[in-house]
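In the two complexes below, chain A is the common chain; its partner is chain B in one and chain C in the other.
And then the complex of A and B:
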């Protein structure tokens, strides 16, 4: 997709070469205005211009402009055209155009959003948003009525972040549906939604969603500043925004979360994160995000805390397996054979008999094969999808071992690595370690365990230096804040998380009243301020 | 402004420095390694004769028994013998015959031939302690004849013979306690201690022929097996003599090396000396106190043990407390006898494998200095009087109160 070209850096004010003429006020003559319109937007087939002339003397001459497909035809016909044409006052004699304008604006139009505008520059974006423009003969001001209504995808289950237990609705491509879903989950007056339009050519609507008082003003100011600084012609997906506003462009680690789940987003907002919903994509962003946020899944809070804690620990384990297992295998089998138990060493040695490639080349070959398979699986038409698994599993896995091209142990290592990669709930961080894995393998093949440790240290230093909108990437582990560790490696029961961690630079605020651990009645009678909470404010 | 950048660059250079330390030139693929599971050393014609047992991975030697895949006809390991004026010369000569680079980190056992033990083993120990990939944790054995022959023998149930012998000695010292498994570092420590003596278990072939063909092991009762035999005594760095199995058992009591042991004893020593009962000693602790008695040392050896009665062949009612204490006395007598027997032989060999020198040094450093100065330990050792005391408790008598014989006679 066309993105901002690098060379336009000097002309920061106007990098996009769209011809933006000076604001042009409307003319008195309707004919002139319409001509100007067609000059600007051409004669595209989907633009409908409807002329109307009342029977009164002098006749009231109007023109309706709307874009077919963006408007709801019923609304245009009934609420705009019909109500105007059938209004007796409007069609009566001796009504001035000004009076008619006010009448239409104040009384006649039965639609929610009516705006007036005096220049084409204001009117055109409204037209593209599905408004119906009403131009008047003899007036330098026009009306725009919100008649938008286009075909939308209905709300579906999120495809990339499924859960077993928990809400099954995901964001859709519509910005308004997204904000509505959040509003439905956060019925508080503190919920703020700020809208921006970014991208000269795409004019993508972007909504900043946060809870006033919880989200840090510092972070908000920074996000607003960075959003306003974006000057590009196209925002087609949330990643466009993410790449423009995230800290440290040159890092393999993501510093902004993306989610398809409104409940996960609401959970983040409730912990002081700021949500960014982008029109045209079901993936919304959450910032600031620390490393550990990427290991939290919204399902952690929908299951019992013990199993959630266990699963979370498994995820961290899988993270390291996915990053290090092939590298460790290479290092141990080519440098540190003494570290293996004898029987394992012999069985590995037996498998390597007759394998033509050194362990590193073998691992690299298999890892690349898997990545090719994975990419093919994504691209392949759904109907022939199963073919991939047959070709991948049988032909490449089994046959390669039988043909003596790779050792069986290597197939196990590669498959376990690949499967571990899918355990990590966030695809963003899973993808980043996919790349680190290759670097690790290379270092392991040249320097052994020593190299792996050195590179891990370099990674750690790098991560400790990262910030996400001012929040240290490794907080609350580095800097260590022990009482915020309740929801990092394990998840303590909900009644144990009374305070909201302020790792997101927000305030440390009380989330719920203390002493809510369920107890038998006589014990609970003592101090517990029984404040019934109709809705458990589940942290997410 | 310049400073943080420089620091970062320096940090990034750190891992690059590691390239100088180790690198791809050190790498060895698994199929280039000759994984050595055991080695044997003999002294022949004034030369070192070293035998190495190299695992043949493609025979499926990883499977500890059962069919581990691979072709069963190829032997699980190969041995080759090399000679050299020094050990390393011999090792390096393996490269003249072997396709694989010798890799010693997974060695489990080392067998020392009697010929070498008589020649002296300190050079061998030095090599093990000095060489980087040699393992000081290998179990050391001694064999009466040619040590290299031991490594040729195939074992049943386990294909990796070195590991099999290790299992054998570990199991023995855990369940039987006749002799402690001696690892190379323990041997080195014992020889360099005040006692300057050590014991090595003997490994031998029960038959006359070596089973070194894979087809020969496909029988249920192997005519010739590997077994643990006597206990070889090393003094200084040369071989001093043998202790029999019974004496070795007594020595285990003296040196507190009993883990668990089975003792056969006469249940009614008053009526018959027949060994007709068994007892499993589950806990045993020995304390040794050297006491200077005018002109010689008295070793107060105190053995305390407890265990379970497992076999009883005489007519006896175990509800009777007296019968049990009678048996306990009989057991104590038996252990005393074992210890005295061992002590007599140790004294005869003049090798302080009991570690009494260490005890003396610890309890009486002043006199030890004197002894060391005069180099008179050998004569002091000969003067030592053993004063053993044994107390053994039968804690449980198993599932029946009466012996089956007494039930029958009713």
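And then the complex of A and C:
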């Protein structure tokens, strides 16, 4: 039996490379061009090809191509088809094809964007962006009119980052809506938006948004380099970009923030971060991001500084509880019973008396049960969602304790851990802790508190070595920069944060005039020796 | 990953280079000789330590932060530098192995009584190798964070012991002869001389010209904390009972309580101590690797970290099996070895530099 020759590694082509055809210039014959279009895009039902022949002699022959659903039908009909068909000059005998081309391009088409293209490789992406293509018989150049207008979701409240006080609008899946929302918040000439198209099959639009002069050039260069280095066929969500450009490789910690709040992104951009808005998802990215950025919520700045500071401290506490509580419970009940006061020890021992499982197995069972419930809650239709809480609370909580499978203390530990996990404002870092918690539990069951401390040391050293686009992940705590701690563990009043923290390799810059602490009129009128007069700095 | 470290970070590195093992071992050694006069031994050893820091700082200032063995090679000859490098490598391998042994001995005695020592050694070694691979910059950052926790632990320690402190246990003062105090100060001086690790950290110092300040500040910080631990242990147990515990510092913590609701906090302090000793071990492993790198002039030391770690683990497991032997070395042998490598070697380097300068001047005059 003849054997098929083996394909060598070198001859196996990369699917991404094969999807890039050689540039094909347009031909003089309109029919040939249309045939080539049909060959490339097939005869899909949503592609509309409309022929037009003028009354002139010789007639001007054109073809319009657009994709139904991606274009605004009214714009196509009124601004393109009607304008051209009813134009008397185009129907006159004396006009040549070249003259008609220029006339259409310069005068007839009443749409904002008109582009000229000579190859199919330029025309096809425009077609998929909702442009209407106009091909001419006898010309090797075509026009593309911006008629895009597909159905979009309206602006809604963010689902994952809600606030009690503050703006209620979130990004949508539209890139342009996203950039417009940022533009509306940052009305400055320094705002820059750079666009990229990534993904050879998805052609996803990506916008790099930053404030010139505030964002570090070093960071910008690095982000641009990493974006340009992405060679993939599909970008469907911001996580695709995040995984391709984030530092740290196999780190469990996120080094890029994601947000669906335009106000949060504007706040980040104002502190020198760079925003990355991706078409097709309401989740945009912010980089560089340090560990402490993930504990800041937009609402921290929309309510009083004292309550914001308190809540921030609660979040750090919840972070440690979420990561360590089950592991500490296992370590204490297994290795270090002497740590517990006698009465508590007796109470715990009595609860665990009939439990057949060791503390680790008990904790693992409950944690996995909670994760199953949580995942089921996400997938389950909303109408039967409350059933989950009944099943979780009654069947798996109360019944399991009564059946003697788990102790009541363990149910309390797992519940408090789960609730603490939801206190953390960033889902990205909350998810990191979910995984780390399991490792901690295993180590606690094997080596007790020493194991927990050892793993904490590994995590600490890992985080200390991590960088986000050149910015140390634990800055400004390690390395310690005391004057930038005003917005880390607590938030000082806004009038106390005159300088913009230098966490992005950029320059430390002033964001507002000093001495803005409100004072009674008579005190403010007196010149104070401790407070020198402002040196004519402009308002923020 | 080996970036430059700032002056404060370097000071804090010096603190954790000395303190974690010193707090465990020193109180029993010092109080055996001098009982209630133990604080005087600390003062004497601090003065000696400051002198050593001056010598080490002078070497770093002269070399302007250049790798120590390369600089010695330039000033003398490459042969001298290689021989000195081999001897120092042996010294650092031994020292790191004893640190590891003290670490696992403590864990075995107090925390994980049933866990085999080999398991502990392998685990600690893997973690420390990972730390060293992350670089001195990352170690220095974590070290600063860990030392920051003193702000929580020191007040808790003092508050918890307040009701048990008996100042009369410190009396009568000056009850021991100068000879006894000098003898008691030898071991802490040996520990203070560990400031000489700066010789190998010098290439990573952002401002090597501040080496003396780094050494002095670090040693003063260490002296204050050692004094605090020793005086409180003495005030709680008295000069006689303190000798009965192998780890008086931790014995003091075991009686610590705040009100009627916070007590039995030894495991909390031990957990904190575990973090500190990891850092101490990482600093010494880093210095050992750096010494190896400079001696054998290898461009990247990363492939050798594991191999050096393995040698340290084997030495820890098979050369220091007996705790009595290790205690004996700490009391009697350590001072001689440390004096040789941490004092005489840098002093020799200072003299070598002076000689070299004098020769160059003479040559300049002759020409």
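The rule is simple: the second predicted complex is superposed on the first by the 507 of 540 C-alpha atoms of A that agree within 3 Å, B and C clash if a C-alpha of one lies under 4 Å from a C-alpha of the other, contacts with A are read in each partner's own complex, and residues count from 1 in each chain.
To be clear about the criterion, a contact is a pair of C-beta atoms (placed from the backbone, for glycine too) under 8 Å apart; a residue touches a chain by one contact, two chains touch by 3 or more.
Source: prediction; values computed, not measured.
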{"item": "When chain B and chain C are modelled together on chain A, clash or fit", "value": "clash"}
{"item": "Partner chain in contact with A:435 - chain B first, chain C second, else both or neither", "value": "neither"}
{"item": "Touched partner set for A:460, first chain B, second chain C, both or neither", "value": "second"}
{"item": "Partner chain(s) touched by A:477 [first = chain B, second = chain C, both, neither]", "value": "second"}
{"item": "First (chain B), second (chain C), both or neither touched by A:447", "value": "both"}
{"item": "Touched partner set for A:399, first chain B, second chain C, both or neither", "value": "neither"}
{"item": "First (chain B), second (chain C), both or neither touched by A:355", "value": "first"}
{"item": "First, second, both or neither for A:334, with chain B first and chain C second", "value": "first"}
{"item": "Chain B clash site on chain C (candidates 113-121, 257-265 or 347-355)", "value": "113-121"}
{"item": "Touching both chain B and chain C, residues of chain A", "value": "335, 338, 447-448, 450, 454, 457-458, 461"}
{"item": "Residue ranges of chain A in contact with chain C within the complex", "value": "335-336, 338-339, 341, 447-450, 452-454, 456-458, 460-462, 464-465, 472, 474, 477-480"}
{"item": "Partner chain B, residues of chain A touching it in the complex", "value": "333-335, 337-338, 342-350, 352-355, 358-359, 443, 445-448, 450-451, 454-455, 457-458, 461"}
{"item": "Chain B to chain A touching residues, read off their complex", "value": "11-12, 14-15, 18-19, 21-24, 26-31, 33, 35, 37, 55, 57-62, 64, 68-70, 103, 105-106, 108, 133, 160, 163"}
{"item": "Partner chain A, residues of chain C touching it in the complex", "value": "1, 6, 8-9, 107, 111-112, 115, 123-124, 127, 130-131, 134-135, 137-139, 141-142, 144-145, 148, 261, 263-264, 267, 270-271, 274-275, 278"}
